[in-house]
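Pasting the structures here.
What follows is chain A paired twice: with chain B in the first complex and chain C in the second.
Now for the complex of A and B:
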C-alpha cells in the first residue's frame, strides 16, 4: 500500500493541481451570471417625468420612495405569488388573504380613487407611482405603473403587499416615508422549485429570512416606511412638504414606543383586541406568535352583510382562494376588526354644571388602546365624530349634536369631528381624495394622541319647562369614507355605514362616580 | 446617365412595381391604416349623432323648466314624473355618448392635430389651471359666457347630471319615487346643461370633420391598439362589477358591457391584423403569432361569455371575477407585446 501511494503520489498531485487550475480557469472564463432584475433601458416607453435625482441618476419609481436593492426593476415573471407561498405556508396565507394588505392594490375604493387622480394630469399614471409604491409595490417595481405598459403582467402584482414585499426588505426610512423601503426583491430570493425547497430548506430560510430582514420587519420603523406620508409638488400642488399621514410618528412619540410595544405587537397579535386589553392592564409581554392578519380599523371591507357587493368593493377574489373560503376568512377577520375598534376608545364626563337655563359639561374622548392617534392614517376620508343627545327628566330630547342621516349618508355638518381636509388651490375643501390637486391640508380637529384625551365642551340652553335630572347620551362614531367620495368616485349610492367605537351615558347633575 | 445608371434606374422601377413580399407588406399596411381611419370615422360619426340626441334631450328638459318660468319647484310639482324620465333619459344618453368617445379616445388623444378635441371633450382642465387647459369658452342659452370652463364630459356634464356638484343642483327631488331623497336625486341647472350639450354636439361635429382629413400612419395604428386595448379591459371590468353589484347599492356606470367589449375588441383585432401585423411579422414572426393568438383568445372568451349570458346564464361572483381577471390579463399581455413590437420597429407611441 505504501508502495502504491508513493508510486502514484506525483501523478495524483499533478492531477489535483490540474483539476484545481481547470476549475479556477473555468470560473474565470465563465461569463458572470447576469445581474438579476431588469434594466431601465429594457423597458420600452417607460416615462420619467420627474427627472433625475440630485446625483443625476434616474428615479424610476418616484414619487414613491420605494427602491430595489440593486436599483433594477423586478422581473414580473420572477416575483413570487403569495399563492405559491401558500403551498407550504397555508396558515400564514389564510391569515394574510383577508387582510387589507392583500387587497391594497386591487380594492375598488382604492382603484377608483387612483383612477380619478390619474385623470387629473397628463402624467397622472406616473404620478400614481406615489400611491402604488405602497399599495401595489410589485406593479411599480416591475415597471407597470406607466401609461404604456410594455411589461408583461403577473399574478404577483395583483396581490398588493404580498409575502415577498416584506420578507425581502433590507432598509426602511420612517421619517422619509412615502414608501421609503428597499427590497432585495431581485437578488434576495432563492427561486428554488418546491422539491428543491424541501431538499434545501436552509437556503430558502436564508433567502427569505435573512437575519437583517427578520430584524427589520419586526420593528415599528419598518411600518413607518409606508405609514408616514407627505405631499409635495411631485404628486400634489403643495409647496414644500406637508404631512398627510403621521401614524409612525404618533407611535414613536408615544408611551407605547417608550415601553417597547410595537405596531406588530398589536396588529399582528393572534387576538389583537385581547392583546390591547392585556397592554391596558399593564402586562407588556409579547404575543405568543405573530399572525399575518394585520388587523386594522377598516370595518367596511369586512362587512359580510354586503354579500356580493363586498366582493365588488374588495376588487374580486385573490388568486388561490375560493369564494366560500374567502367569505369565511373575511368574516373571521371582521370580528377581530370590530373587537379591536371597540377596544380603542372611551368617553368620560368632565366639568359639568347645571346653571339656570344652561347645562354646561365636557365630554372627554379618550384614546385608551391605540398606539397612535384616534383616528389615524390619511383622515380626509376616515373620520371620527361625537354624537351627544341630552334628555330631560321625561326623556324628551332637548339637544342633539352629531346625528347621522342614514338615508343620505351624511353626518351633521355641525358635529364635533376629527378629520383632516384636503384644500384645493382656490381654498375649497376636496371631499373625494383628489391628491393631485390638493394644495394644502388642514385639520378640523387633530386626532386624540395615545393615552391622551380631547375634552369637548358643550353649553346647552334649557327651556324653563325642561326639568332635571338630565341625561347625556354620548356616542363616538367612526366612518371609513365620506359619502361624497362614495358617490363621486365609487359611483354608487352605497351609504357607508358608521361604526360605533364606544358609547356612554351620564346624569346631570353628575353623580360622584361620574365626577371622578 | 450611362449604361450602369440606366440599369440602376430600371432595377429601382422594377422593385417599386413588381409584385413581391416587400410590396405586399406595404399594401397590407396601407390597407390596414385606411381601415383604422374608417373605424375612427365610424365611431366619430356615432359620437356626433349621440351628442345630437343628448342635445335634444336637454332641450326638452330645459323646455319643461322654462314652461314654469325657470321655477324648478313649480315644474316639479306640475310635471314631476315627466322630469324624472327626462333626467333618466339624459343620463342614459350621456353614458352612451361618453362610451362612444372613449372608444376613439386613444386615437384622438394620440394624434397631435386632434389632441385639442380630447382636452375639450374629455380631459382638459379649466383655465384656472396652468396646463392641459381645454381651450374654448362655453356660451349658455341665457347669454352667459363661461371662459375656459374645463372639459365637457367629466368636468361639466357628468357632475351636473348626477348632482355631484352642489352648484349645479337646483332642486333636490325624489326622482325614483321611493319616498326618500338620496344623493344624486335632484333637478340640475337646465341653462348650464343645455349649453354644455350644445357645445358637446358642436365639438363632436368639429372632431368628425377634422377626422375626415386625417391621414393615418404607423405610429397612429400602434398607438391606437396600445391605448384602446386596456380600455376594453375596463369595459369587461364593468361587466364583471355588474355581476357583483346587487340589492341596495346601485352604480350608475356598472351595467353589462359585453356587446361593447366585442365591438371594441373586434376593432382592435382588425387594426392589429390589418395595419400592424404586416410590420411585426416582418421583424418577429413568433411575436406576431403570439399577439394574433392572444387576440383570438380574448375575443373567444368574450364571445363565449356573451353567448352564455344571452342563453340565460347567471354568473356567480367567483366565476365573474375569474372571467374578468382573465380578460384583463390577456388584454394586458397583448398591450405589452404590441409595445415590445413597436419598440423593435422604432415606432413612436403618442398619447
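Now for the complex of A and C:
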C-alpha cells in the first residue's frame, strides 16, 4: 500500500467521524425553531362573530377569504418589512413604494371609508376584515383587525400589499375572490443572517421564491384573488352574493386572456402605456421585465400638484423613504399612470343624421387598451362620463351634456355615466361607499368591455337660427371619487379633479364638406 | 520507487485532508439537511465558509511545491492525468466557493452586490458535483501508483 494511503486514510476517516459528531452537536445545540406563527388561543380577546365554517373550524380572518398556509396567525414582528427587502432589492422597492399597493392600507381615502363603515355596526371592526384582507393583509393575518388591539403593531403591517404578501402566496381563487389567497407568510422569513444569506441564497428562495409561488404570481388568476369582490350578509345587507368587482372575470372572458396577455403584462410593464400601444399594434411579445409599480387608474394619488393634500391623501410616507425621494417617485409614477389612462379609450362618431330641427348622432365610447371593463373595479366611487358639446357654424353652443362644475366638484346629473350604485335597504343610493349597509348593487351603465364599445345616442333639438355645419366636441372623463365622499367621509372641501381620458371632435353632417 | 517527503507527516497535506473531509461532510449537510433546521445550518454554513477559506490559503501555499516535486517525479502518464484532473477540480471547488462568498465579503465591507439567483444555482451545482468528483479523484490519487513498474515485472504481470 502506498504510504499516502496509509497516512491519509486514517486522517480522512477520523475527520469524517469528527465532522459527523460536529453536525450532530450542532443540531442538538441549535434545535429547529417551533412552528412559525401564533395560535388563535394566544391572541387575547380575539373576536369571532361570524362563527365556524362548514367543517366546524374557526374562521379567524372572515369575511376576508385570506388564509395562512399553516392556518396560524402571523407574528407581526416576524413579517418581513418591505424596507428590509429594500436593502438588497432597492430597484424593486422604489418601484413599489409609490404604488397603490404600498399605500393600500394607509391611504386616507381608504382609511376613512373603513372607519365610516366600522361605525355602522357593533361588529364593524371585525366586518372590516373583509376590506383589510386585501388592503392590509398584514393587519388581518396578525390579528389586529379586532375591537381589542391585543397585538403589537409593526412597520410591515402598515405597508399594505408589501413584498411578502405576493412573494409567499401558495394559492389563489379568482372565482371566490374577497382576498381568496393563501400566504405562507409564517414560513416566509429568512432564517439566515444577511451576510450568510448572500452566500447561500437558496433559503431566501425557499421563503420568497418558491417555484409554485413564482408560477402563481405570474398568472392573472393570482390578481383575481383580490380583484374579484362580492357582497353577502357577512359584510353587507345583500342577500345571497352579489358581485361588486368583476375585474378578473372581465379579463378572463376577454380577447386579452384568450391571447395570453395577463394583468401583469400591462400593469407591471416598465412603461405600461407603451406596452398597451404595443398590444394594440398586434405585437404580443412579453415585457422585457416586470416592474413593481402596478400602474393603474388612480391618477389622484399621484397628483403632486395637490401638495400637502397629497401626503394627507396617501396617509403619510412609507418606512424606508425620505420625503424628497417619495415625491420624486410619486411624480414619476404619476406620468406613467396618466399615460396609461390616455392609452385606454377612444371615441368615434356613429350614425349621424341631420334632420329638420334635430341632430341625431351616436358617440361610441371605445375600450381600446384596457384588458378589463372601462371603468373597472368597485365603481361606486370611480366613475366615467361623457361630455358632449354641439356647436353651430358660428361656434355658439347649442347643446351641452356632462359638464363638470369645478367649483362645487359636481358632475352634470344628467350626464351619460358609467358607474355602479350602492343601494340601501330603503332603495336609496349610498353615495359614500358604505358597504355595511348596502342591500343591493345596480349599474347606471356597465363598463365598456375590452375591445368593445358602448354607443351613446344623442337627439339634439336645433333652433331655427342655428346653421350648420355643426361640430360635436366629445370628452370622456374619469374621476376616482364622488364629491359626496369627499365631503361626507373625508371631511374635506378638496374638489376631486376629473381626468380627461380622451377627446375628439366630429363634424355633422359627417361629410367632407362639413369637415372643412 | 517511493516518493516520500523527508518532513514530518503532519504537514500541510495532512491538514488539507482533514479539512477536505470536514468540508465535504458539512457541504453534504448543507445540501441535504440544512433546510430542515437553519438554526444549526447557519452555524454549519459559517464553519464551512471559514474552513473553506482556511483550506484555500493552505492549499495555495502547498500545491505549488507538491506539483513541482510530485508531478516531476511521477513517471506514469495515467497518474499525471488523474493528478491534473484532481488539481482542476480543486481549483474549480476553490474558485466557485470564493465566488459564492464574494457577496458576503463585499457586504461585510459595506458594499452590497450579489449574483443573480440563477448564477448562484450554477455555482452551487458546480461546487457540489465538483466536490463529489474531487473526493473520488483524491482517493484514486492517494492510492494510485505514480511510478512505472520495472519492465521485467510488467512482462511477468502481462503473462
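The rule is simple: the second predicted complex is superposed on the first by the 475 of 516 C-alpha atoms of A that agree within 3 Å, B and C clash if a C-alpha of one lies under 4 Å from a C-alpha of the other, contacts with A are read in each partner's own complex, and residues count from 1 in each chain.
Definition applied: contacts are C-beta pairs under 8 Å (C-beta built on N, C-alpha and C of every residue); 3 or more make two chains touch, one makes a residue touch a chain.
Values in this document were obtained by computation on a predicted structure and should not be read as measured data.
A.B. asks: Considering only the touch criterion stated at the top, classify A:317 as touching first (chain B), second (chain C), both, or neither.
C.D. replies: A:317 sits against chain B, while chain C stays out of touch.
A.B. asks: Touching A:463, do we find chain B (first), chain C (second), both, or neither?
C.D. replies: Neither partner.
A.B. asks: Just checking: does A:18 make contact with chain B only, chain C only, both, or neither of them? Give me first, second, both or neither.
C.D. replies: In the superposed model, A:18 contacts chain C only, not chain B.
A.B. asks: Tell me which partner A:149 touches in the superposition: chain B (first), chain C (second), both or neither.
C.D. replies: first
A.B. asks: Check the residue A:87 against both partner chains and state whether it touches chain B (first), chain C (second), both, or neither.
C.D. replies: A:87 contacts chain C only, not chain B.
A.B. asks: Applying the document's definition of touch, where does A:493 land relative to chain B and chain C: first, second, both, or neither?
C.D. replies: Only chain B is touched by A:493; chain C is not.
A.B. asks: For A:281 in the superposed arrangement: first (chain B), second (chain C), both or neither?
C.D. replies: A:281 sits against neither chain B nor chain C.
A.B. asks: Can you tell me which positions in chain A touch chain B when the two form their complex?
C.D. replies: Touching chain B from chain A are residues 44-45, 108, 119-122, 147-153, 158, 306-309, 311-312, 316-317, 322-323, 407-409, 425-426, 483, 487-488, 490-495.
A.B. asks: Which chain B residues qualify as touching chain A in the complex?
C.D. replies: Touching chain A from chain B are residues 123, 125, 128, 131-132, 154, 159, 162, 164, 180-184, 226, 230, 240-241, 243-254, 316-318, 321-322, 324-325, 329, 332-333, 335-337, 339-340, 342-343, 349, 351.
A.B. asks: Considering only the defined contacts, which chain A positions touch chain C in the complex?
C.D. replies: 1-5, 7-9, 11-12, 14-16, 18-20, 22-23, 26-27, 29-33, 87-88, 191-196, 198-203, 205-206, 209
A.B. asks: Okay, in this complex, where on chain C does chain A touch?
C.D. replies: By the definition above, chain C touches chain A via 2, 4, 9, 13-14, 17-22, 24-26, 29-30, 33-47, 49, 100-101, 103-104, 107-108, 112, 114-115, 117, 120, 124, 142-145.
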